[in-house]
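The chains carry the letters A, B and C, assigned in the order they are written, with residues numbered from 1 in each.
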Amino acid sequence: MRERDLVIVGGGSAGLAAAIAAHDHGVRDILLLERDQYLGGILNQCIHTGFGLEYFKEVLTGPEYADRFIRKVRSIDDIEVSLRSFVVHLTGDKVLTYFRPGLLETVRARALIMATGCREKTREMIHIAGSRPAGIFSAGLAQKLINIEGLLPGNEVVIVGSGDIGLIMARRFTLEGARVKAIVEVQKNSRGLLRNLVQCVEDFGIPAYFSHMIARISGNKRVEKVIVARVDDTYTMIPGSEFEIACDTLLVSVGLIPENELIEMAGVRLDRKTNAPLSDEVNTTSIPGLFVCGNSFRVYDIVDSVTKDSSLAGRMAAEYLRGQ
Amino acid sequence: MNSYDIAIIGGGVVGSAIARELSRFRLAIILFEKEEELTFGVSKSNSGIIHPGTQNPSGSLKGRLCVEGNRRIRTVAAELGVDFKEVGELIVAFSEDEIPRLFGLKREARSLGVPGLAIVDRRWLRRHEPNLSEKALAALYAPTAGIISPYRLVYDLSENARRNGVEIFTRTRVEHIVKTGGTFELHTTGGTYRSKFVVNAAGLFADEVSRMVGVGSFEIRPRKGEEFLLDKKREHITNHLLFPLPSRTSKGVLVIRTADGNPMIGPTAEDITDKEDLSTSDEGLKKVLAAVRMLIPTIDESDIIAYFAGLRPVAGDDFIIRHENEVAGFINVAGIQSPGLTASPAIASMVRDIVRRCGLPMKRKIFFHPHRKKTAHLFAVPFSKTRKLIERDPSFGDIVCRCEMVSAREVKDAIQRGATTLDGVKFRTRAQAGRCHGSFCTTRLLKILAEEKKLPLTAITKKGAGSEVVRKARRHA
Amino acid sequence: MMTRPITCIECPVGCRILVTVENGKVVKISGNKCPKGDLYSVSEIENPARILTSTVATRGMPLVMLPVRTDGPIPKTKLLEAMDEIRKIVVDRPVRTGEVIVKNFLQPGVNLIVTRDSSPDQSPREGCPGQSARSIRLINSAFDRTL
């Protein structure tokens, strides 16, 4: 089994920044494992602007932001990039097992940075009653289908959740010719940035129902309609307030969950509610030399914060290695 | 016109088991399934429990066939390469006056031939079922209860049946049946077929099929059961299948260990009228949580990662498995609710005997292939073996579903073996059944399905026509 | 004369700005925390415009779709027309991040640029953060707007 100085799991904004920072601070043996066939992570599908305002003082789209870091990483020989590489097992001794087409590899990391990002909360997690037809998507899946694959998931869309991803997708669907019939949010206010409410919802005249919930999904094979209802201050449905919206697509954008099942496997304790690692110091975990950065450490609003956080983690990993 | 000895209507666990059993004989057999794929009907929502035979009235078909099925399913599973695990069940009593009922159930079960029964006390429960509520006083322990994957069983049964000569047609609904002379003419959406015998295993629609030949002696009333899956992290919350004492209409809300690891809680029992209503409800969730917390107090709503509903095809209290004498050659296998999965090998034998008694010559095949090579599932294989798999075929190392660790090779195999939909891939491989519910893998699955089936991406469905996943493609080929 | 509130979208803060309008022209602005809000308010009332981001189809490229954007804002009223134009585009030669694929897209001075390499998984290239070889025009003129 090979031993590497630093292994980084995740080649998105967090992993890329951590790799560069670790190298800047003296680490010369870095293995970056990315499960997709390209570096960039979620940024590749975030084709809208809003990235880099703080870090570069520029207005960039997700792919442009990623491009800066990808080129830097690729110019550093000491960073070995392994694509299509899936970590399936992690021990408390920082031994990783990963898959690649044609290869199963085990490697011991002297220092390990987890930059695995988030997954989305699904319909099942928020218990929407009703049937389970085709046409229900998490906002991120819809975004990938449209932006990466050029596929339109639906023609008449209702979005549940007013987080940024949902708002961005409201605009994206509209621009692609679909009709976004409503945004349904259980809170009193939008969860996303105000600027997104303006340029994604108000700009297109999409009705937003705050203090409302989806009471039921209807449709046997494909979504046919949703029943929307008002909620009171305890988020309980107000009887008699139900109304129908005919649609063929329900987009679920109700929150992100850090992907930390691997470190949980290794014995790191997670906060049961947020799925983030419990730690005294930023980016560290209960396992020495095992760091977590980016959205898998804490869900950040803007990617610039992810870069800052991950650069710090890269530096900490370098310091840790020096101390070994 | 094609002519057969036996036509089976219905491709769930009952139809598949019958097909496989009858394929041992030199007979021309055909099976029709109206849905896009097998196991998309009643069997889709099966919880995978192999019952020991408790909770069935003595003298009932259910009881007898369940006990026999429990014994035989082990051989069947081994032959087909499906995992069967014996975990045992506990029917739990919470008060002194519930205890005589435990003894009553034990007596009843013993008379049916259920082996190994024992009444266990608090101390035993504390040791062997540590998360069980402290209020549990005693339980009836039936060691022969087990768990199996219901989908994999159906697929493996039907594949084996196919291998042994059974013709299986999905997307084919029988619309009406005409009896002319000694033969049945089945008019289906895929053409007309002739058969000497018809076995009606049509689940929720068995009454409608039976009426096609003029036998209207029973009605199928759907009884809905909502089930809730818990996160795999809570896999070891129980060691046995946990039952409360049964009510008149159902076995109650259970804590179920499933073959795939996620604990499941439920089902509810609600009589409805719509045979296509598979919706879940807030009330169902509340009912199940309240009931299940009596057994395992530490189960929390936040543990729930998925939920679905199934419909039991209820036709009275017992199975209806009989030759309809007034329509010679027509065999009804209806009202197969729980313990139908467990009983399926025994049901199949019973149908075989009925057919034989009706005078159909049943010569055993010399070359019957009972065995099926076990499907390779990455998540079920230790890493030492995984390396060999990947060396043999690199696409085993190409991970498509992250949550359940499913490779591209497994997905392609599933498609080759009959999956044409996202649900079909899910039931065969578990891709999309994990915690992210397909958010990560759906894109890739769509592409693999389109490529393997040589279809445009817009034609790929979740569960058959009308459930297409994406509406339009902007891309060039 | 009319006063109405608008939300500035120049940065994540989203200042709530009160704008007084007379004869279609902005006469008073209050509530913004920085000068960008002044510029935004004027253009939002007199000439609302947005940067458009979308994707174009490709042919013969590793990436099936390529993300694109306008390198400056275009009038809000022209967004849907712009989408129609974008749908006609097919990229069939290799392109790099920042490359212009349509000059003077819908209006002079605004181009349509690609925001990702058409073949992303290539061998190491030079460059470092902050200094892209094909530099993207910094948005700082009066009509520049972020989306």
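Throughout what follows, contacts are C-beta pairs under 8 Å (C-beta built on N, C-alpha and C of every residue); 3 or more make two chains touch, one makes a residue touch a chain.
These figures come from a predicted structure and were not determined experimentally.
A.B. asks: Work out per-chain C-alpha centres and flag the one nearest the whole-protein C-alpha centre.
C.D. replies: A
A.B. asks: From chain A, which chain is the farthest off, judged by mean CA positions?
C.D. replies: The most remote chain is B.
A.B. asks: Between chain B and chain C, what is the gap in Å from one C-alpha centre to the other?
C.D. replies: Roughly 54 Å, centre to centre.
A.B. asks: Measuring centre to centre with CA averages, how many angstrom lie between chain A and chain B?
C.D. replies: 36
A.B. asks: Could you state the distance in Å from the CA-based centre of chain A to that of chain C?
C.D. replies: 24
A.B. asks: Send over the residues of chain A in touch with two or more other chains.
C.D. replies: 148-150, 176
A.B. asks: Considering chain B alone, which of its residues make contact with at least two other chains?
C.D. replies: Residue numbers touching two or more other chains: 474-475.
A.B. asks: Chain C: which residues touch two or more other chains?
C.D. replies: Only 55, 57, 64-65 qualify.
A.B. asks: Any idea which chain B residues touch chain A in the complex?
C.D. replies: Contact set of chain B toward chain A: 233, 276-282, 285, 301-302, 304-308, 383, 386-387, 390-391, 394-395, 397-399, 402, 405, 407-408, 422, 435-440, 442-443, 446-447, 457-458, 461-475.
A.B. asks: Can you check the complex and tell me which residues of chain C touch chain A?
C.D. replies: Its residues touching chain A are 6-12, 14, 50-55, 57, 63-65, 67-69, 76, 79-80, 83, 97-98, 115-117, 120-130, 132, 136, 138-139, 146-147.
A.B. asks: Please give the residue numbers of chain A that touch chain B in the complex, ascending.
C.D. replies: 35, 84, 86, 88-89, 97, 99-104, 119-120, 122-125, 127, 129-135, 138, 140-141, 144-145, 148-155, 176, 216, 220-222, 248, 261, 264, 272-273
A.B. asks: Within their complex, state which residues of chain C touch chain B.
C.D. replies: Result: residues 55, 57-59, 64-65, 87, 90 of chain C touch chain B.
A.B. asks: For chain A, which residues count as touching chain C in their complex?
C.D. replies: 20, 37-40, 44, 47-50, 53, 56-64, 67-72, 74-77, 83, 146-150, 175-177, 193-195, 197-199, 203, 301-302
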